[in-house]
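Here it is, the structure in full.
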Amino acid sequence: MTKLMTMKDAVARFVRDADLVVMEGFTHLIPFAAGHEIIRQRRRDLTLARLTPDLIYDQLIAAGCVRKMIFSWAGNPGVGPLHAFRRAVEQGRPHPLEIEEYTHFGMVLRFMAGASDLPFLPTRNYPGTDLTRVNPAFKKVRSPYSDEELWCVPALRPDVTIVHAQRADTDGNTQIWGLYGVQKEAAFASRRVIVSVEEVVEPSVIRSDPNRTLIPGVIVSAVVHEPFGAHPSFVQGAYDRDNDFYVKWDAISRDEATFKTYLDDWVYGLDDRAAYTGKMGARRGELQADRQMCAPVNYGF
Amino acid sequence: MTDYTTSELMVSRAAKELKNGDVVFVGIGVPSLAVNLAHRMHAPGLCMIYESGAVGCVPKRLPISIGDPCLVTGSLAVVPMLDVFNLYLQRGLIDVGFLGGAQVDRFGNINSTVIGDYGKPKVRLPGSGGACEIAALAKKVVITIANSKRTLPERVDFVTSPGYLRGGRERESLGLKGGPELVITDMGVYRFDRDSREMVLASLHPGFTVQTIKENTGWDVKVAENLTTTPPPTADETRIIREELDPQGVFLRSKAG
Amino acid sequence: MTKLMTMKDAVARFVRDADLVVMEGFTHLIPFAAGHEIIRQRRRDLTLARLTPDLIYDQLIAAGCVRKMIFSWAGNPGVGPLHAFRRAVEQGRPHPLEIEEYTHFGMVLRFMAGASDLPFLPTRNYPGTDLTRVNPAFKKVRSPYSDEELWCVPALRPDVTIVHAQRADTDGNTQIWGLYGVQKEAAFASRRVIVSVEEVVEPSVIRSDPNRTLIPGVIVSAVVHEPFGAHPSFVQGAYDRDNDFYVKWDAISRDEATFKTYLDDWVYGLDDRAAYTGKMGARRGELQADRQMCAPVNYGF
Amino acid sequence: MTDYTTSELMVSRAAKELKNGDVVFVGIGVPSLAVNLAHRMHAPGLCMIYESGAVGCVPKRLPISIGDPCLVTGSLAVVPMLDVFNLYLQRGLIDVGFLGGAQVDRFGNINSTVIGDYGKPKVRLPGSGGACEIAALAKKVVITIANSKRTLPERVDFVTSPGYLRGGRERESLGLKGGPELVITDMGVYRFDRDSREMVLASLHPGFTVQTIKENTGWDVKVAENLTTTPPPTADETRIIREELDPQGVFLRSKAG
């Protein structure tokens, strides 16, 4: 049975108020289309988790969807701070934002523990940092093989994880290349998984290169066909990062009024991602990736 | 004398810390330029790793972020972040990690989390990212930061990434190896005393004095007996930086000193 | 500086008497050429670790190279028992074999812990099994997040890991497709790594598809060009498993005399793998893989 | 009446345990045939996973081993073994795991390690492989084994893979979920009593009697009140097994009963 549906349906069915939601993608493949749909459907009281909140979580915070954020680096990568995030933390606007803070390694281990149904995972990191002082979720375990004490982080088990990928079949068997980030671990840690893709392909395409399948259909709830669904972030082999927008976001997000205009123009004022990409106009062509194909390999026997 | 900016001097000085064959954890900006400069000058066998998972990168343009697609195309390997942290960093493969931050203190502790109190911050900064684990697990850390009383306080408001903590053997006693080796600012270069683990001024950039340093550092900083002058970048180095590494001046020209 | 050398040199330089040696490959890509060279160079007192000892460790045991074996499944896959292994355990011939026994999951975790420089890793497995009773290396840890107790396995840190792969460059950047097994984890856990490959390629081939690189050159000590180096096991896209040999091994290994003849004919009597593949004759052609290429992907931006 | 062998009956009976959409951990031999039969008959959405890392396999020939290359070509995913065990099995994605062994006892514990004492074994068997974790972590386990006093002792010599241990709530009390659901032998089918967790004869294969079962089981095995006869394979099923799944009779014809 196909899991193909619109983003509207996928968010309506699988993202609920007060959910713990993860939209992953380390700089690469950030699921902006899904984030905009969540704003459009006015979800509230979400807990968002993600290594690098990036613009997408800044937009969700500014739009009033978020109660709490779990993260390890909150900035506009290569540009500066996240202003909506800072306003929420420093001034409690539009409302106070609870935060729970780790490091990248810690977040990765939290996802991996959740994906492995383990209560925790240990690391040699964290002696001496003040993070363990302000976040009581860091705890110590003594190695049964020595007297060493190691810091641990607890498993993270999201209600729903949303990822964007290059391609999937309608069962949700999903292939990603380029930067992997923590998408696989986050997806396996979750109760529900939404995958949006640049291209929906026949199973034969997936089956021609099974080592590239990062997320198997057995854990996927919904597949959404969403070309340019990661803009303004990038998709290896499809389009480059729209760095101009990352720079512009700095100005847009400094002020609640300019943010509201952005939201009206690019989210509330549009029905769906197709309308968004239509509005992008010629910019799409400018971001189009060059062609640099890999050397294919033989799976015969 | 060659014309150069302070940033170019910092890049050139940082590049000298890298040996051929080093495996280097690279960040954006000065670190990226330094590593690429070393790669072109004296360390062709150097291996660049970005925390995004790209290994052995040969970027065709100056990467805008650590997740720039140009780091992927043509690299030797692109691996999950779980592997970056477990198999490269924690495993002990990283020879040199570059770090920056909002504050660095007398014992090389770095703050990139908050200015003020954590619960009610004056300024909320981005947070650790991968910095804490690089500081804890790389064999050696090189720090770049501006030289001012604000950025070099006696004690950071928040230890995001551990240096030598309160000095002496505290870092070792917690089971951490490595530690900061060098702090490169826009005024000079600091090393860490072997016993006290305190930052000590080791060289002055041309044109700066101990007096200026003291006025721009948050504690009464010690000066090495054999204080030297930081060698300025060679003409070759500035040419590579300007023409090959950052031709549009994204990172350096705007800060030209 | 190239790491390319002959198997003779690689084994002479990087495999020492009494080493803890791992030759991995789950059914796929078993480094038989390296195993034969170790027998030829008459290494002694080795501790061998591997999930599935397979014929290669059976041969090393029968040849008298092995003092101890760490494993999780000791059989001739699809055929029957390993007779040399059984003789050593049951009758102490050619000499007694010490064993240390886990399960597949346990061995994988031991390699992963070693590869991550952690003293141990936990799992939900092992309540109720007698394995934890006979192997004191299994220990318990209490989760600091609950009262749950979990079993742990200790890190495994081999002196040398040897893997066979489809291709590598001369720096040791190694690509594998098809079954991955635990090669990556074993290699990262080791002090030294020897890679033998079907094909030595230009770095540009590796760089055309960086997601396929399983083992980076930075951890590799030696690269050996060894076509058919995994025979009688298989290499996806190169040659099929020589099942006839796996069946024949059952008869060969039942008797110490027939084993000695095999060893004289196929190991001691040959200089190197080139001589072995020469002796294989037409069998090589019969095992040749069909061509079934993957759909290539675009790494451009 | 259709002509069929006991092995074909076992395959057919095992196939009935599988539902469409099940994620199944497959071994070689009877399990592989059963899963492939179910896939063709009533469960087209079934997902086969082999411990070698192949997911959603469509083997073009009968796999000789769980690492046969035919399991890779055309599969949906091929993943590292670390993922097989952490992300699929321990994560709780496996609905059904198939297991065999040298001995299965009254409470469904399986021995595939040694006959006799562990330190001085009479027969050294292959060991657990992935069996112990499948027994511990799959939602449900189906066991296939020959029916004899040797293979079905009251207590196994060594618990490689835990069933219900000494029965009752012992398995649960150790934190294990799941457990063996069904034992299919060449003479009958057993289920486990809800309270005592003891193996109980649930159905007899055509031609076998309770008397024969009692003579070939290592303890005084209980018989279900509603004892039934195992339905023989249909003509369709035997045709698929013989013509499509095992045309060369590698696994079944040699054992024809």
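We just call them A, B, C and D in the order they show up, numbering each chain from 1.
Quick note on the criterion: contacts are C-beta pairs under 8 Å (C-beta built on N, C-alpha and C of every residue); 3 or more make two chains touch, one makes a residue touch a chain.
This is a predicted model, so every value here is computed, not measured.
S.K.: Counting C-beta pairs in contact, which comes out ahead: B-C or C-D?
M.R.: C-D
S.K.: Between chain C and chain D, what is the gap in Å from one C-alpha centre to the other?
M.R.: Whole-Å distance between the two chain centres: 29.
S.K.: Between chain B and chain D, what's the gap in Å when you average each chain's C-alpha atoms?
M.R.: Chain B and chain D have C-alpha centres separated by 58 Å.
S.K.: If you average the CA atoms of chain A and of chain D, how many Å lie between those two points?
M.R.: It comes to 40 Å between the two C-alpha centres.
S.K.: Give the residues of chain D touching no fewer than two other chains, as numbers and ranges.
M.R.: Answer for chain D, listing residues that touch two or more other chains: 54, 69, 72-73, 78-79, 90.
S.K.: Which positions in chain A touch two or more other chains at once?
M.R.: Only 112, 117-118, 123-124, 148, 177-178, 180, 184, 208, 211, 234, 236, 240, 289, 292, 299-301 qualify.
S.K.: Should the pattern of chain-chain touching be classed as line, ring, star, complete or other?
M.R.: Topology of the interface graph: other, matching no listed pattern.
S.K.: For this structure, give each pair of chains that are touching.
M.R.: After working through each pair, the chains in contact turn out to be A-B, A-C, A-D, B-C, C-D.
S.K.: Name, in rising order, each residue of chain C that touches chain B in their complex.
M.R.: Going by the criterion above, the answer is residues 1, 112, 115-118, 173, 184, 188, 203, 206-208, 210-211, 213, 216-219, 299-301.
S.K.: Please output the residues of chain C touching chain D within their complex, sorted ascending.
M.R.: Against chain D, chain C makes touches at 26-28, 51-52, 71-75, 77-78, 81-82, 85-86, 89-90, 101-105, 108-109, 112, 123-131, 134, 148, 177-182, 184-185, 234, 236, 240-241, 243, 289, 292.
S.K.: Which residues of chain D touch chain A in the complex?
M.R.: Answer in residue numbers: 23, 45, 47, 54-56, 58, 69-70, 72-79, 86-87, 90-93.
S.K.: Using the touch definition up top, name the residues of chain C that touch chain A in the complex.
M.R.: Contact set of chain C toward chain A: 117-124, 139-146, 148, 150, 152, 154, 166, 175, 177-178, 180, 205, 208-209, 211-212, 234, 236-238, 240, 289-301.
S.K.: Show which residues of chain D lie in contact with chain C when the two form their complex.
M.R.: For chain D paired with chain C, touching residues are 28, 51-54, 64-69, 72-73, 78-82, 85, 89-90, 109, 113, 118-119, 121-133, 136-137, 158-162, 165, 170-171, 174-176.
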